[in-house]
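The two complexes that follow have subunit A in common; it is paired with subunit B in the first and with subunit C in the second.
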Partner chain A sequence: MRPILMKGHERPLTFLKYNREGDLLFSCAKDHTPTVWFADDGERLGTYRGHNGAVWCCDVSRDSTRLVTGSADQSVKLWDVQTGTQLYTFNFNSPARSVDFSVGDKLVVITTDPFMGNPSTIQVKRIARDPADQTSDSVLTIKGPQGRINRAVWGPLNKTIISAGEDSIIRIWDAETGNLLKETDKESGHQKTISSLCMSADKSHFLTGSADKSAKLWDSRSLTLLKTYQMDRPVNAVAISPLLDHVVIGGGQEAVNVTMTDRRAGKFEAKFYHKILQDEIGGVKGHFGPINALAFNPDGRSFSSGGEDGYVRLHHFDPEYFSIRM
Partner chain B sequence: MAAVESARPQAAKLRWGELEEDDAGDLDFLLPPRVVEGPDENGIKKTTEYRFDEDGNKVKVTTTTRVRKLGKARVSKKAKERRNWAKFGDAVHEDVGSRLTMVSTEEILLERPRAPGTKEEPSVSEGLGPVQPGAVLMVCRTCGKKGDHWTSKCPYKDLAQPPETFVERPSTADAASAAPGGAGRSAYVPPSMRGGGERTGTEMSRRRNDENSVRVTNLSEDTREPDLLELFRTFGPVSRVYVAIDQKTGMSRGFGFVNFVHREDAERAINKLNGYGYDNLILRVEWATPRPN
Partner chain C sequence: MAAAALSMPEIENKAMNLGIDLSTIDFDNIVLPPGDDFGINSDDEDILHEEEAPEFETGYGNVIVVDNLPVVSPEKFAKLEGVIRKIYGQTGVIKEGGLWMPVNPDTNMTLGYCFIEFNTAQEAKEAKEKTDGYKLDKSHIFVVDMFDDIDRYMNVPDEWTPAEIKPYEAGDHLQHWLTDEKARDQFVIRAGTVTEIFWNDARQVRPDPVYQRQYWTDSFVQWSPLGTYLATVHRQGAAVWGGKSTFNRIHRFPHNQVKHIDFSPGERFLVTYSSQEPSNPRDTHRVVLNIFDLGTGKLMRDFKGSVDDFTTGGSGGLSGISWPIFKWGGGKEDKYFARIGKNAIYVYETETFILVDKKSYKVDNVVDFSWSPTDSILALFVPELGGGNQPARVSLVQMPGKVELRQKNLFSVSDCKMYWHSNGEYLAVKVDRYTKTKKSTYTGFELFRIKERDIPIEVLELDNKNDKIIAFAWEPKGHRFAVIHGDGPRPDVSFYSMKTGGITARVSKLTTLKAKQANALYWSPAGRFIVLAGLKGFNGQLEFYNVDDLETMATGEHFMCTDIEWDPTGRYVATAVTSVHEMENGFHIWSFNGKLLYRIPKDHFFQFQWRPRPPSLLSPEKEEEISRNLRKYSKKYEAEDQDVSLALSEQDRKKRRALQEEWETWTARWKQYHEEERELRLQLRDGEASDDEGSQEQYEAKEVEAEEVLDVHEEIVD
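Up next is the complex of A and B:
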């Protein structure tokens, strides 16, 4: 396949997100400016100007009218997708790390980093239909996990919130009361910080990637470990294919090898694994730096990867991909 | 891709002296209209435009683009509308020539991992390690180990020699049990008595020569007789050289023969040149016939 290279960001990419229909791709990077691209040919549509710090995460509403972004400048901003205007800003007293719309787009879950004595928190805010009615009140605030929470997402039917972070424990919280319902234990869970988390299309299972060089597949309701995928490098980004039984995992580089690797060579690859058999299907090379973000198009026919090199690579699969047999 | 040709403006109808600089814009009617040759079956679209450049030259710009269909997408109505949205933010002033988005020049494949048991990269074994280009491979004739040390520096000097390597007849390093004095070795045979000596004339000498024949293998493709002659004549007079040539390609088949006049020259040549690096290959130099004892 011929990937489309999009160099709109000057700094490393942090997150990629497709909209529900799969025609828009939102990219977040450390350069303060989330960007939206057309997902078929990679043409840039626009940028959202306003943040003063690295943008860590974003999410788009189901009707593709609202974009929410979380940034290291201690704010979460709500944008109008079409025009790029800021609709609302939620301010916090520490950097915001992860944002996720609930099903129905009425609520958003936000995590904030531990900062200056404040512990990390998970907060739920209500999103009003009309931006004029928007308030900053938190519906729910959860404090508790030690260390940074790298990702928090809504569980199936908005009943739960699933969080994962630096303490390598995945926790499931009740979305209404904030009580801790389940958490993973040390033996079966990850051994090092969890860098990324991706829900399946129907939210019945999710994939986490960790610096312990593995990615694990979990059941969303019972938090049982379903599968483990072994990588040879710390995992920075994971994604589940909505169409086939594939997962893709992107990683970084062992700190030990940094001085020895030829970074110009485009050798960093996104590895495809069979979701059920756990076998490696193959790798897609091309990035000049560690891969920090991966996303599948909801139609499953293309995927994009964002790297430390500032490039977004958009891949449309060849017909052979759909007939891979293990 | 753009091809640019320039020609003096055809001012047949207008007197150029009457034209002023800023009338250049009005000369557009002199330019042929733009022609677009639509995407043909290979997807190549050619756009031919004409314009005036700064010096007033008429310039023809041909832009060849390949229109490539990446795939079919079933687009929802909303998505179609979004396609027509206006650009915002930093994208407002983007022109078509912006280099932000480009298709990779390389074809990237989903590389399947090699199944275990299939061919892997042949790893360098035998303790040879990667040989730097230009370096000479150190061969030790005593122990036969390559790349480690030269013969004179051989730590295994007094070990039994492997049978293939030539043993210098007058002085040998035999099995460790051999007394240094020379007892147990064959009695000294003067050169004139060895192998019969030069008793008769040329017939004998020819026969001697054949027994003084040295086979040289692992020659490079362009090695020829003069090269071998040059190489071996330092050891003594050479009566004949021969390099096997492939008649079809004209290149050396990699081996040849050198006939010395004197046997001891042949011996010395074998000792010195076996394992010698010559034209990027390591020569193998040995007796042509089964080693006469």
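Up next is the complex of A and C:
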């Protein structure tokens, strides 16, 4: 498996997202400009210029016309995917950490960081069909959890919002009322900051990665712990294969240790685990810094990883990958 | 227990009698008066009581009593006082008004004794040691005692009572681990505050826990050389543990602030060492060494002194002792132990714990010595003296009798190192010599054949004698040795044999492996196999090499590996990353031929040690017979192996099937939900039909050709 190295960002990668067809790959980095690539050959298509801070997260609409990005410049921007023009800017008074389109792309859930005395929030905005009608009103605002909320996504049928963050607790909220429905307990839950959360294609289950060196698989309706994947390093990024019963988990270590780590130590590998058996299948080396972002192509035949080293590595699986027997 | 375990109904009855409603009482809120245990001993209390009673300072530690003085009249009082002052003024400083000679008030005569107070207890002790038995004249021989001891002597009963003979208690079966049916080996690990002992269960490909205990030791643990005991080290002393099922404490060896311990090779004695920082920074450290009998736990002899007395050569300094200070000799019987001093070697025998022939063995300028591992033969090294006028020398000395068996003079030597073969058959001396210009050194070996007549010596020089020697190791139970030599990042490894050719055996080279990433050699305890390891700078490269067939069996890597140890049978190899650095801590277990069996990561991993085994009881002939008929014996074990692996894979299959089934029930439910919600989802999407989140339906890739005029340029062509 020979990866395609995509060098377009000048700072560490933060997030990767494929569109529904899997022909476009959107990447976010700390260098202010989200970039779109051909997911097949890694050719750079264009950038979205306008943010004035690190871009933490993005999401693309189902029809691949709209891109939404959340940035540390305290704004969330809506873009036209094809032309790269800014359609609208939601302004906040603290950095925006995560964005996620709802089913039907009419709503977007945004999380903002605790900043200058403001607590962290989860906000739901309505996305108008015509950008001219767009307003900045929040449909719903949830406050409460302590610390940064690293990820908030829509649950099945837009009925719930699932959030996870620094306080290591996963919470399910009612998307209508903003009431807390469920949260993880001490025993089954993570012990340290949850860094990433990835929904399965049918939204029935999701995977979380945490600094406690584990990744956990949960039922998104009942919030039951299904599986735990034990790693030997903090987890920064997770992804679920849409095709096979595999998950891929990437990590690194605390920033203080990075300079003391030899690349050969294998800490910067993307590790594949069998989703059901929880056994390690293998690893993909290459990055020379921690992996910050992982994404599977919706067809399950390729995946990409983004690292602290500023590279996106696009991997098309070899035919042998599809015949792995466990 | 006074209130021997009341049962619940009894408590209820009692409460009824006293008119107390039990349900109103919150038992957790009852606070007992501190310091009262109501006659109920806590579990660890007797341990506390067993601890040594603290020493009380009476404040008279610096006072001595001198008895048997002449009885004098007041006229002569001053004169006697003068004499005493003169005698004791030599040994220390008498405190002002610190000399008191009591006088009989009736006769005005002195009572024949006096008290002397010194500045320090140290001085008092010294004064006692020096002047006890001092002859003032024929009839007045001083009897000197410490003031603190008088009480003790007073309490000695006048009548002798026979010592109580304790009934015999059957001891624990200390060798029980050797009777393991699967013939597995044990090892101990220390990670964080926990010390754990495991069976190495290679068949199940995992360690099988035996015993675990938190805060078992204050600094480290150590197996005794034959594996009978595990020693732990504490502030108050050392302890040894062993037994059949769990690890019980066998003996405790009190020694305050103990720092190092060392077992004699035959497990008869334990040496403990501590050094104490002096109160006066100009003084040297005080060193205490105790030798205990492991069987009885009794202190056999102690050695005290300043650290200088126990260090030799120029490498002194504050903590310049090289452990172990005492080296044990005389094979497994632990007959002798010896230490090196200035211009002498002190050899003690364990029958009496005094010097052999009651005096030290004088060797001028001796800097190093070592015992043969099997015989009472000392090898010692004396460096060059007088700018080369007196050559350096290595000699072999037989104990007792101090007979010099062999001696070899060596010229322009910078350093020497001695390597005994574990059977005591050979001694290799690595000699670093100066080149003619004295600017650099080169290395050669002097090989002694101890068991042959007259102890022939052979000189071996490497093919390239300028090569640096990085490591040297004898093959246990064999006749070969390995050397890593060379400069630069990829040294060579050479193997030599002591047994080649006809009747006159000569050393010969077997092979040289070029450019290996190795800096350490680990022979299998059974010989034949060796691990060439690249530790530290080489990041843990491992090569498993078969010296019989001169071929590499396997290579491996344990990244950052710091320690390697073969199990005592030579079947497995453990490689470990200990807490020298924080990363990658843990250990791996390999088979002898380099197959990685399992790996266990452990944070804050400090120690890995295989439990040693006593030597085999089989005679060499018997062993050979077994290895000849190995096929016959191995059948049984192979069958067992197969059974286990079948059972394992069966277990594995079952587990997998269970997991798979569990997962299927989940996904079935999800699918059902998904179907049920299809309509709602469609609505949310404004009726967009496809329900696939991914792109299972193929999108059409159309190739569109588009032309664009970039520039029009006209050029006139002639």
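The criterion applied here is as follows: the second predicted complex is superposed on the first by the 315 of 326 C-alpha atoms of A that agree within 3 Å, B and C clash if a C-alpha of one lies under 4 Å from a C-alpha of the other, contacts with A are read in each partner's own complex, and residues count from 1 in each chain.
Keep this in mind: contacts are C-beta pairs under 8 Å (C-beta built on N, C-alpha and C of every residue); 3 or more make two chains touch, one makes a residue touch a chain.
Worth saying up front: this structure is predicted, and the values here are computed from it rather than measured.
Contact with subunit C, but none with subunit B, is seen for A:Pro156 once the two complexes are overlaid on the shared chain.
When the two complexes are overlaid on their common chain A, residue A:Met6 makes contact with subunit B while staying clear of subunit C.
When the two complexes are overlaid, the chain among subunit B and subunit C that reaches more residues of subunit A is B. In the superposition on chain A, A:Glu21 contacts both subunit B and subunit C. Judged by the touch definition given at the top, the superposed model places A:Phe38 against subunit B, while subunit C stays out of reach. In the superposition on chain A, contact is made by A:His316 with subunit B only, not with subunit C. When the two structures are aligned on the shared chain, A:Asp299 is found in touch with subunit B and with subunit C. Overlap of the subunit B and subunit C interfaces on subunit A: residues 21-23, 299. Looking at the complex, you find that subunit B touches subunit A at residues 70-71, 73, 75-76, 78-79, 82-83, 85, 87-92, 94, 98-104, 106-113. Touching subunit C in their complex are the following residues of subunit A: 20-23, 62, 102-104, 106, 156-158, 201-205, 219, 221, 226, 232, 242, 245, 257, 260-262, 264-266, 275-278, 298-300, 326. Residue ranges on subunit C touching subunit A, taken from their complex, read 539, 559-560, 582-584, 601, 656, 659-660, 663, 666-667, 670, 673-674, 677, 680-681, 684-686, 688, 693-695, 699. Per the touch definition, subunit A reaches subunit B in the complex via residues 1-8, 21-24, 33, 35, 37-38, 40-49, 63-64, 82-84, 269, 272, 280-286, 299, 301-302, 313, 315-316, 318, 320-321, 324.
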